[in-house]
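Beneath this line is the structure, given in structure tokens, with notes to follow.
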Amino acid sequence: MNETLVTVVGNVATTPVFRELPSGPVARFRLAVTARYYDAVQNVWADGHTNFFTVWARRALGSNVQGSLTIGEPVIVQGKLKVRDEERGGQHWTSADIDAMTIGHDLSRGTAAFRRVLKANAALTDPAAAREPVLEPEPEPEPVG
Amino acid sequence: MNETLVTVVGNVATTPVFRELPSGPVARFRLAVTARYYDAVQNVWADGHTNFFTVWARRALGSNVQGSLTIGEPVIVQGKLKVRDEERGGQHWTSADIDAMTIGHDLSRGTAAFRRVLKANAALTDPAAAREPVLEPEPEPEPVG
Amino acid sequence: MNETLVTVVGNVATTPVFRELPSGPVARFRLAVTARYYDAVQNVWADGHTNFFTVWARRALGSNVQGSLTIGEPVIVQGKLKVRDEERGGQHWTSADIDAMTIGHDLSRGTAAFRRVLKANAALTDPAAAREPVLEPEPEPEPVG
Amino acid sequence: MNETLVTVVGNVATTPVFRELPSGPVARFRLAVTARYYDAVQNVWADGHTNFFTVWARRALGSNVQGSLTIGEPVIVQGKLKVRDEERGGQHWTSADIDAMTIGHDLSRGTAAFRRVLKANAALTDPAAAREPVLEPEPEPEPVG
């Protein structure tokens, strides 16, 4: 309740990093989301502000992201936004993370061949999935080109 | 402004129907969206209410849906909700349509291989895309098994 | 999970009807949501499609709606969309309901004086609030002028 | 298109600051959004992560926020999320701003008396409202107690 749910459409900005943790598989990548708006004066579509997010995919979603997404691909991501403030080495850091519930390739930009993974979906059977997820500590900020 | 944007995660419930219209390619299909909730008393996840929508995909998205989606596949859809009331043959019909902005396979359920389509994306260059889309008349209600 | 969450901005189209049920207070009203779009050709904002929803407010929200909302007022509503199909007297009915989580007056259209209600918020303490809400049967469809 | 729309429910964390700018009235305040989740093990609702946002309200919404909101009040806010990175005095700052489209008091927490403001709504008539809004430079980061 009162979670900040977002749906964003953008491009995978870094190669997804995959790890097997005690809590299960986790993949993460940076996502670039550029607003497009219609400029009525010049009669053209133009780029607006770009938001960058760190997207976290867990369990089955993490494994499938690892086998499906590569840098530059257009995606739609739905998840819970977490804005975090931290002191690290005397520096103040804020990050905008999305704990993803679903990710898919953006079919307005291309075609996709889907293959269902039949193993049990932990998100549907694990009681822990009903609880607040814990964001893994991120070892170091990732540069985005 | 004041549009009813929705993001829904569900399954393709009918084979997408594709047509080339004067306004461009259009694909449409029925989508079944079943809520899942955690039953704290019985300690299990259970099915809740199922919403059915008619999803419309236009221009490049329509063509790519035609080449990518088959019945039963899990998808995420973002678009504009249109609830419509109609008299047809003395009967009162209400339908819940989604004019899709983006559609993607749900990677929490499987993997996908993406191929970018390089032709110009009409949604980004066509001034008409800034205007209110017109829903095509739907010739007959589709039964959903 | 997989619920169809919507946020809509529109006008209260019928006087809210309030009932005390065994499960607690419930208020309901019809909401009219008219999309506005910028017509780049004529250089004006214009009305698009209007969606009508039946909004249900329960527990503390129901009581406060009863004491706060009147027909014609502009509001923002966040909740779970339920599209329902029914046979009733040989007729087929579809309705689009929103089970509201939050409702507020739209401050882009006017000012509001708020008074906090201090009694326990059932939504925060009632374990039942974690379960799937049951939509009360709607005795008869309401005409909207 | 591709904007990051969010709807958040939280509490006004700083007294709104109001300014008349050449582009029109602007109000801004900090918003605290605390997720609530149901702890199935302990059978209670508990607090999760808190997100802080800087909310910007412009034109008629800005004026009405100034006349309606005070610190501590519960609100629902719908708007466009902007995550910004900046160098300032050799320090790296990230902020999460919401350019608000609508704000309302949260009627699940109390009652509200609404008064419509009849003057022309600039958001509906100003062609500039169709263009990308420009975030005013924020003179200094605000501490949130």
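For the reader, a short list of remarks on this structure follows.
Letters A, B, C and D mark the chains in the order given here, with residues in each chain numbered from 1 onward.
Here is the rule we use: a contact is a pair of C-beta atoms (placed from the backbone, for glycine too) under 8 Å apart; a residue touches a chain by one contact, two chains touch by 3 or more.
Just so you know, these numbers come straight off a predicted model, no measurement behind them.
Of the two interfaces, C-D and B-D, the higher number of touching C-beta pairs belongs to C-D. Centroid analysis (C-alpha atoms only) places C farthest from subunit A.
If each chain is reduced to the centroid of its CA atoms, subunit B and subunit D end up 31 Å from each other. Inter-chain centre distance (subunit C to subunit D, centres taken as mean C-alpha positions): 22 Å.
For subunit B, residues touching at least two other chains, in rising order: 1, 5, 7, 9, 36, 38, 40, 43, 45, 101, 123, 127, 130.
Against subunit C, in their complex, subunit A makes its touches with residues 1, 5, 38, 40, 43, 101, 123.
By the touch criterion stated above, subunit D contacts subunit C in their complex at residues 7, 9, 36, 38, 43, 45, 57, 60-61, 64-65, 67-69, 73-76, 78, 101-117, 121, 123-125, 127, 129-130. Across the complex, subunit C meets subunit B through its residues 1-10, 33-41, 45-46, 48-49, 51-53, 80-85, 91-96, 127, 130-132.
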